[in-house]
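Heads up, the next two complexes both have subunit A, just with different partners, subunit B and then subunit C.
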Partner chain A sequence: MPYAVETRDLTRVFAGKKKHWWRKPKPNEEESRGPVTALDGVSLQIREGELFGLLGPNGAGKTTLIKILATLLLPTSGKAFVAGNDVTKDPFPIRQRINMVSGGETSGYGLLTTRENIWMFSQFYGVPSKVSKARIDELMHAFGLWDKRDAKVRLISSGQRQKMNMIRGFVTEPDILFLDEPTLGLDVNAARTIREYVMNWVRGQSGKTVLLTTHYMAEADEMCDRIAIIDKGKILACDTPENLKRMIHTQTTFRLEVDPLQDTSTFQRMDGVVNFSLRDDASKNRTELTFILENEAPVAEILSAITAQGAKVHALRKTEPTLEDVFISMVGRGFE
Partner chain B sequence: MNTYWRTFKTAAWLGWEMDSNWTEPWLFVIYSIVKPVAGAFILIFMYVVIWSINGIPDPHSFAFLYVGNAFFIFVGSTLFGTFQVIQSDREWYQTIRYVYISPISYYVYILGRAFSKIVVSVFAVLITLAFGVFLLASYGVQMQLTLDRLPLFFVSLALGLFVLLAIGITLGAATFLMARHSQTLAEAVPGVFYVFCGVLFPLTILPTWGQAIGEAIPLTYWFEITRRILLPFQLNTGLAGFDDLEILAFLLVSTVIFFALSIGVFKLGEYLARRAGKIDMTTSY
Partner chain C sequence: MTAAVARRSDLRFRIGLNLRSIVGRAYPRVIGANREPSWIFFEAVLPLLSIAAYVYIYRAIALNQVAANPVDAPRILANMNALVASVVLGGAMVAFWLNVLWSMASQLYWEKEIGNLQLYMMAPMNRMALLGGMAVGGMFMTSVRAVSTLVAGVVVFGVVFQVANPLMLLAVFFVTLIALYGLGMFFASLYLLWGREAWNLSALMEEPIFFSSGFYFPLGGLYQSGGWGSVVAVLGSIIPAGLGLDALRQLTLGETAFGGKFWVLSAPVELEILVVLAVGFLILARYALAYLETLAKREGKLTSRHQ
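The block that comes next holds the complex of A and B.
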């Protein structure tokens, strides 16, 4: 039985901008001209019925992978199969079985009502009009959009548009659903509604597969059966959330909140420091440091190095490993 | 239901909703009447200026340009209707990626969207022609459409619209690879047709190379046969040596050629855009 999604050594390179003899490049423009490798030899197998997460920071290649699988973009090299069909050679049978929703965007035809927008897309998939209308009503109740069913899309909020697009994704009952950052920019309640609906949708019926990209660790941890961690176009690890966290269970995670530091290079040289990341919190004028340590021994040395710079330690706590810690342990920086 | 028909029907519905639903129905009706009538007044003004310069009234030339301009409404709106689909879905509505990945023929989707523009244009052309019947009569020219010429009129109209759609999609395929510059294309191409297809003046006024360009564009034959059907006289357009059926045959052959060409060019444009990652590109400018 073929995988729902399979990629073999998938690579995508975006050509850089062409140089024109008549136009002088602007300062710093040269750097952005070269080709960009968005995906670099990605090999993945996603089983039917799985809720699979692709976790990585912005620019890691998540959306590029989804676009290739959704037949929007051709790979530069390698192979990708969706429902056993080659994305390059057989896009049509793939399109009959998939759908896609991207978060954080406000797509939709403003002059149509929310219901009309969704109905129209269902017609492209050949869903009988009566069935489509019944499904739309049901989904609108589920996503809390019932009150806006007859509102023109131009008059609803961006969050409501996002919900409408989620309904568009489900109304065609796809076998494989690609969700690209589906909760991006949504309020807590709306995000929770979507997460719960997606989990119930996959687990409540057989044969449904979801590929979810996110940079929210908690979301991936909560929802996904398996997760692939991706960075700079490469898959760094792929396993269940528990197994990924177990990868660093022999290590210790400490989080510190300190005054802004001048020099952090000393931490990397310390014995026992596997990796660390820092994130500035401008609102508090503080820096949050996350250390992945072999054991607790280097903590004293770290604190000394901080205080030697005249900085104050405001908080220090030992934490359970998260998926972000796995990422930090691998690449030495966090997601933001 | 056949996928192509379903796609066409849904896309045409979407196009109609967007073209007609932007205001109150009564305002839409008024707009649909006032716009072509205002266009007709521009033609009258042009004619009056030429008349005053030459000092001699020339109702035949006026009838020639009037009918040409009435049917040119189809050209502008159909070409714009095909050009702007990709651009508007990509930049304004940001829906192109979801339409594109649905199991439809995107080519047929564009045809459907453009069809709604044609329907809107039909009103404008009919109103312009109806206004013209009275207007031209006052200059002594009787526009006519006899029953025996009706089949020829509808066949040529259908072919003219088909070839317009084919030209629109052929050129529109380029918009897969273009940013907002496609707007320029949508304005420039009808301009070329306006000059070289005998809309405003007969081809014989153009230099030889200009006439050759005009004769290579199928729309020239459509305007020619439409005038032959509607007007009781012929100006020397350079196509006098061909009878109606020969003109219709030119139109038919060129329609078939342009349709085949449009499918090939569209597939190429789509492939190149998918390879370059431009299907759903947004430029933010």
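The block that comes next holds the complex of A and C.
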């Protein structure tokens, strides 16, 4: 079975701005003039049924990759296949199977209602009107846009607009859906509605694939089966969120809140304890202990050593390294 | 569990897909535009003002001639009526030229700016269905406007038309529209690469074409003026409105109007040329768009930077 998406050594270079003798360069334009390598030898394989995330800072090349896969941009070199078809040579069968939604999109016509706009776009995929209208009604309920079904698009809020765009993406029942920062600028509830719908859509049926880009670490972590970290057009790592986090932290971190202890020397001698630290919280008359462990095995021994001293454990928390940590360790800087 | 839907790509499916696309793209023009009632003022009433300016000039001239030469009054007045009718007809057709310039030619550029173009280009529909939908919607919407201008003109200025061959008239009208919108489709592709400069070009083409295509006077007069006037008129005839209007005037005023002196060619010949222009522009549009789409995909200009 072909991959839903496959790229081989995919490279895209944007030519710099041409110099025109009649145009004076603007002061800070010099830097933006040279050619930009937006994608640099990207090789990826996304399996059918995967919810795949692309994580990277501004200008990393995420949108460029999606545009190439959506047959809107030609690669400079290398190959890209969607549903087994070459994006350069055979776009028609790809276009039948894909759709794309970008955050902050302003598509459609302001004079049409949300429903009319979505219907219009579905016509470009040959969806019969009756089928299209039934699907739109169903999706509008699912996204909580039903009461805005007859509102003109130029009068709805940006969050409602984004929901409309999402429905536009789903109404053609694509096999592969590209989502470019779909929750950009949305409030918590709207973002959650969208995330949950996307996850159910991929996992609740077979044969559906999503390629998602996002700036939100937690979102990528929560949603994606696998994540590729991309920076300056290069893929730095590609794995499940768990494995990515394991890559940088082979150790686990535990935090405990306990009654003040007399003897803490025994902890250092235990097997599997890499390090620990303690901090007294005088106001609560408690001590906070942080353990860095090779694995979770020593936890039981630590707890019994504490209770043997007659002290009580008030809280025990295992804290995971976040994707953010992974990202910082790889890219050498955080987001934004 | 539903497996991935099998996708059809047979001829029947493709025809259905592209017909649906045309209807889909025409829809916002047909429905959406009429949701703003202000169009009645801007597009049916305002054109009457330009028409009125010409009508009063022609009337004033004619009345002066009658005063100087009362014996010739019937011929002069008939001429004047034919001129006024020509102006009303031309004023109604202006709506189509403006629509082609501002809503066809610059349309793809505008769609790119609001982010629709990439969604259109990503869809499986044929690109000609996209342009065709724009054209069909534009023709329909503009016909409503042109007819209201025409009716208003007839009522206000008391114009009398005499149609001897309604079939021929319809044929000329529709072929003119197809040629005109074919030209618009061709421009639309070109504008895709020219971007913002295209707006200036549209503005530049507006007034001179009114003149060189004879929107407000019979084009034959300009043809026969000799020298540069003839050159301008020949160039103006490439814009299908020029010959189309000339033929429409012959068919609504009678060939003998203006003593039969002001016509460019006979209506059937003009119809033949219009058919050639229509087919030619459609083919040009088809290839220009295919070529420019590839170019835009190579240069990264199909989508605007901020998306």
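One rule holds for everything that comes next: the second predicted complex is superposed on the first by the 264 of 336 C-alpha atoms of A that agree within 3 Å, B and C clash if a C-alpha of one lies under 4 Å from a C-alpha of the other, contacts with A are read in each partner's own complex, and residues count from 1 in each chain.
Simple rule for what comes next: a residue touches a chain if its C-beta (ideal position, glycine included) is under 8 Å from a C-beta of that chain, and two chains touch if they have at least 3 such contacts.
A quick note: this is a predicted structure, and the numbers were derived from the prediction, not measured.
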- prompt: Taking the superposition as given, does A:175 touch the first partner, subunit B, the second, subunit C, both, or neither?
  reply: second
Field: When both partners are placed on the shared chain, which of subunit B and subunit C touches more of subunit A
entry: C
Message: Quick check for you: in the superposed arrangement, does A:109 touch first (subunit B), second (subunit C), both or neither?
response: both
Touched partner set for A:123, first subunit B, second subunit C, both or neither: both
Field: subunit B versus subunit C as contact partner of A:98, first or second or both or neither
entry: both
Query: So, A:259: does it touch subunit B (first), subunit C (second), both, or neither?
result: neither
- prompt: Once the shared chain is lined up, is A:70 touching subunit B (first), subunit C (second), both, or neither of them?
  reply: both
Field: Which of subunit B and subunit C A:205 touches, first, second, both or neither
entry: second
Field: Residues on subunit A lying within both footprints (that of subunit B and that of subunit C)
entry: 14-15, 67, 70-74, 92, 95-96, 98-100, 102, 105-109, 111-112, 116, 120-121, 123-126, 168
- request: Report the residues of subunit A in contact with subunit C in the complex, numbered from low to high.
  value: 14-15, 48, 63, 67, 70-74, 92-93, 95-100, 102, 105-109, 111-112, 116, 119-129, 168, 173, 175, 205-208
- prompt: Which residues, counting only subunit C, touch subunit A once they are in their complex?
  reply: 1-5, 7, 9, 13, 16-17, 20-21, 23-25, 27-28, 31-33, 35-36, 114-116, 118-125, 130, 294, 297-300, 302-303, 307
Task: Using the touch definition up top, name the residues of subunit A that touch subunit B in the complex.
output: 14-15, 67, 70-74, 92, 95-96, 98-100, 102, 105-112, 116, 120-121, 123-126, 165, 168
Task: Enumerate the contact residues on subunit B facing subunit A in the complex.
output: 1, 3, 6-7, 9-10, 13-14, 17-18, 21-22, 93-95, 97-104, 274-277, 279-280
